[in-house]
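Shown below is the structure under consideration.
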Amino acid sequence: MRRHLLSIDDLSRDDIERILGRAESFAEVSGREIKKVPTLRGRTVINLFYEASTRTSSSFELAAKRLSADLVSVKSSGSSVDKGESLKDTVQTLSAYDPAAIVIRSPHAGAAALVARWTRASVINAGDGKHEHPTQALLDVYTLARRVGSLAGLRVWIVGDVMHSRVARSGILAFSRMGCEVTVCGPPTLIPRGIESLGCRVRTTLDELPEADVVYALRMQHERMDGSFVPSLREYAAQYQIDGRRLRPNQLLMHPGPVNRGVELAAEVIDSPQALIVEQVESGVVVRMAVLYELLAGHGAPSGVRAQPATEPQPA
Amino acid sequence: MRRHLLSIDDLSRDDIERILGRAESFAEVSGREIKKVPTLRGRTVINLFYEASTRTSSSFELAAKRLSADLVSVKSSGSSVDKGESLKDTVQTLSAYDPAAIVIRSPHAGAAALVARWTRASVINAGDGKHEHPTQALLDVYTLARRVGSLAGLRVWIVGDVMHSRVARSGILAFSRMGCEVTVCGPPTLIPRGIESLGCRVRTTLDELPEADVVYALRMQHERMDGSFVPSLREYAAQYQIDGRRLRPNQLLMHPGPVNRGVELAAEVIDSPQALIVEQVESGVVVRMAVLYELLAGHGAPSGVRAQPATEPQPA
Amino acid sequence: MRRHLLSIDDLSRDDIERILGRAESFAEVSGREIKKVPTLRGRTVINLFYEASTRTSSSFELAAKRLSADLVSVKSSGSSVDKGESLKDTVQTLSAYDPAAIVIRSPHAGAAALVARWTRASVINAGDGKHEHPTQALLDVYTLARRVGSLAGLRVWIVGDVMHSRVARSGILAFSRMGCEVTVCGPPTLIPRGIESLGCRVRTTLDELPEADVVYALRMQHERMDGSFVPSLREYAAQYQIDGRRLRPNQLLMHPGPVNRGVELAAEVIDSPQALIVEQVESGVVVRMAVLYELLAGHGAPSGVRAQPATEPQPA
């Protein structure tokens, strides 16, 4: 495994399975009253968030703390500091503290890869624009595997605004790497051209949805609901909302949260036993603990150091 | 004692006295150089604050840290996330981290009780709209008892904007449960109808104030000072301000802070030896340590579990 | 050494050298995988920041955590709470938690000294308006001493907006106390009258810059770039920017960060081996650990207690 987690594409199937196994062992820790191990004691993890995020940032924060790391949280509403130049300066400043890891969330695709070029710390992409959100995909795979066992041959439909979704992009890569057959489905205006090259089929109606084993609904972003991409919200829901009529009893339902109730999902399916939505959140902490562990303390870490351009600092 | 602390009404006099005794033992810890005990090591406490608060949130934060818990702080200015639906989603997300306790501050009366229905964690009401602020009342009782010993028969006057004060509401309940005779006093427009049913007398002038053993002045909220509830601030101060002339030498003075100097209190009484205001703040940390202890680690915790509707999750 | 660190003027050369020695020992700790010592376990450090600051606040946060203190961070954008009266109330509230130290950053000169009058905690000035920023000067001295050994007789030029710079003021004091010959240089409109009394020479052109051993460039504040103090940014850069032509190979370059690339520094000098800018940031954590150590745990702490007016609380 490499030194950073920037994209699901960096991970082999073996890498993913090692992370899942590690997460499983941390799930055992999280079930104890003392949910803490000393693994990263005295090491520093920096949360650098240029977008508001309760879910992902608190999940990484808890993961770091349950590994006994010291966490420093740097948040920005992005007004003045999210430009390339400033990001570099911020990262170089924070790197001077010799952190073990920097967890970066940015509105700009590619930001995490840039950060990785500027620091000796391990960099974890916690979402970079519309590009990727690899820990989300890992926790999705973990959650699903916990429910069904092997993922090989499972048919996964990812439904909604695929165009703007880093969750979709990382999900396609992760599910297909684990042997699933992935289909993306949404209005033609919200399916990016060439998405098939990631290893998925494209559908623009839910007609074939009954074939799916897993329905993964994407969050509709509020700023996309105003008619520039979909004729109307009502129209969108009429054609693509997953409701009790469309979701078959043998299908599982996933969603990255937070859910827009009544938009991409109808209320009746959210709380149904088929929904894995709460389990996905629960998985967040243990999978992020596993990622931190594998990058910072795992056996593969020293030998799997990612090649760096010669002009840049090398890990000690 | 129940699983949550939502209202003083949930507490028997025995419950309150057990909390005070526990706070006393934590006061001994807080006097040490190492102000820390390992009681809640590896357990998670979430501060969920939908209103700005330096005092209460930092007090709970320190209480949790001095019990060695891991604290996660989620703050919101309330613009987008304080609606019922979103609160539920947020609480369900945070609950997936399996926190031992959620401390909730909300501008909406009843918010803490809602949170308690959505989580397996112990919920502590850190102020819900105009409803209650039970840990404030507990620290008030603790502070007073430390100074005078038994509270039985003490005459407590709560003076000011009773209408909008969660502090008044929790205070009336707590002081009367401890055997005090409580009087509320303020302009008729700022006394809610039927307040007597909580177990207090009502006065609209300070004429009988000399009978009080304790004068508890409430903070005048800035947004209420503009004339819709009181004719003018000068007029209010003329009739209800506690100053050196009105406060007798044998009376004690309390205030929840922060004080509006020159409004509800005159400068000369704030720093007098009769004032317990600084002691109230000091008590905040140890009383909140005691509440966390009783809910999460106390002997009464398992047996006193609050009954939950059958459809909701039960504590393990 | 006194109980507070408010100004470099409070420190003797011996004090500074003791801090540098202590920082050196913490640099050894920071080089370990477990970057943590138990020195301040169970003690509380409060970061009270009335100005936005990533660099200084995260540096103090890490310093406190690596000493095992509990850190509470109180931040304010300054809109409502930076007036004298409110600052006093805030400090008295926070002091009730019996913190070992309060680290204060304020836009108002003299704020740290006021805080020191209101609390029994040790107060560390993390920047008060245009007045001082003593930990910056200490880390500058530390960084330079690490590179060159003794500072005696070194010629240090501080270049730029001296008028508005607390870094310049603390730097002049610290470098001259260590035996340097300090020159300040900038446009006449940005040199305060009487600055020589701090122990420096004044120049308004870079003509004699070649004599300098160290060039310390100040950050040009964006709000000063609009023409009220300098005719134009281009004009400023033409006359005062440190670039590859002006910086001689035997000169060292320092800057407090963050750098305005292309304004006070040209890109080619920022990343040159002569620049100590990254080392300055690195030094921040260990020097702040050393300051916390000396004030809170050093042998000199009890005897060197700063005299307080008789009406104010005394340390236990």
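Going in written order, the chains are labelled A, B and C, and every chain counts its residues from 1.
Basically, a residue touches a chain if its C-beta (ideal position, glycine included) is under 8 Å from a C-beta of that chain, and two chains touch if they have at least 3 such contacts.
Keep in mind the model is a prediction, meaning the values are calculated, not measured.
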Touch-network distance, subunit A to subunit C, counted in steps: 1
Self-contact between copies subunit A and subunit B, residue sets same or different by half: different
Chain centre separation in whole Å, for subunit B relative to subunit A (CA means): 40
Shared-contact residues (touching 2 or more other chains) in subunit C: none
Residues of subunit C touching subunit B in the complex: 41-44, 70, 72, 74, 85-86, 89-90, 92-94, 96-98
Sites on subunit A touched by subunit B in the complex: 30, 32-36, 54-55, 58-59, 61-62, 65-66, 257-259, 261, 278, 281-282, 284-285
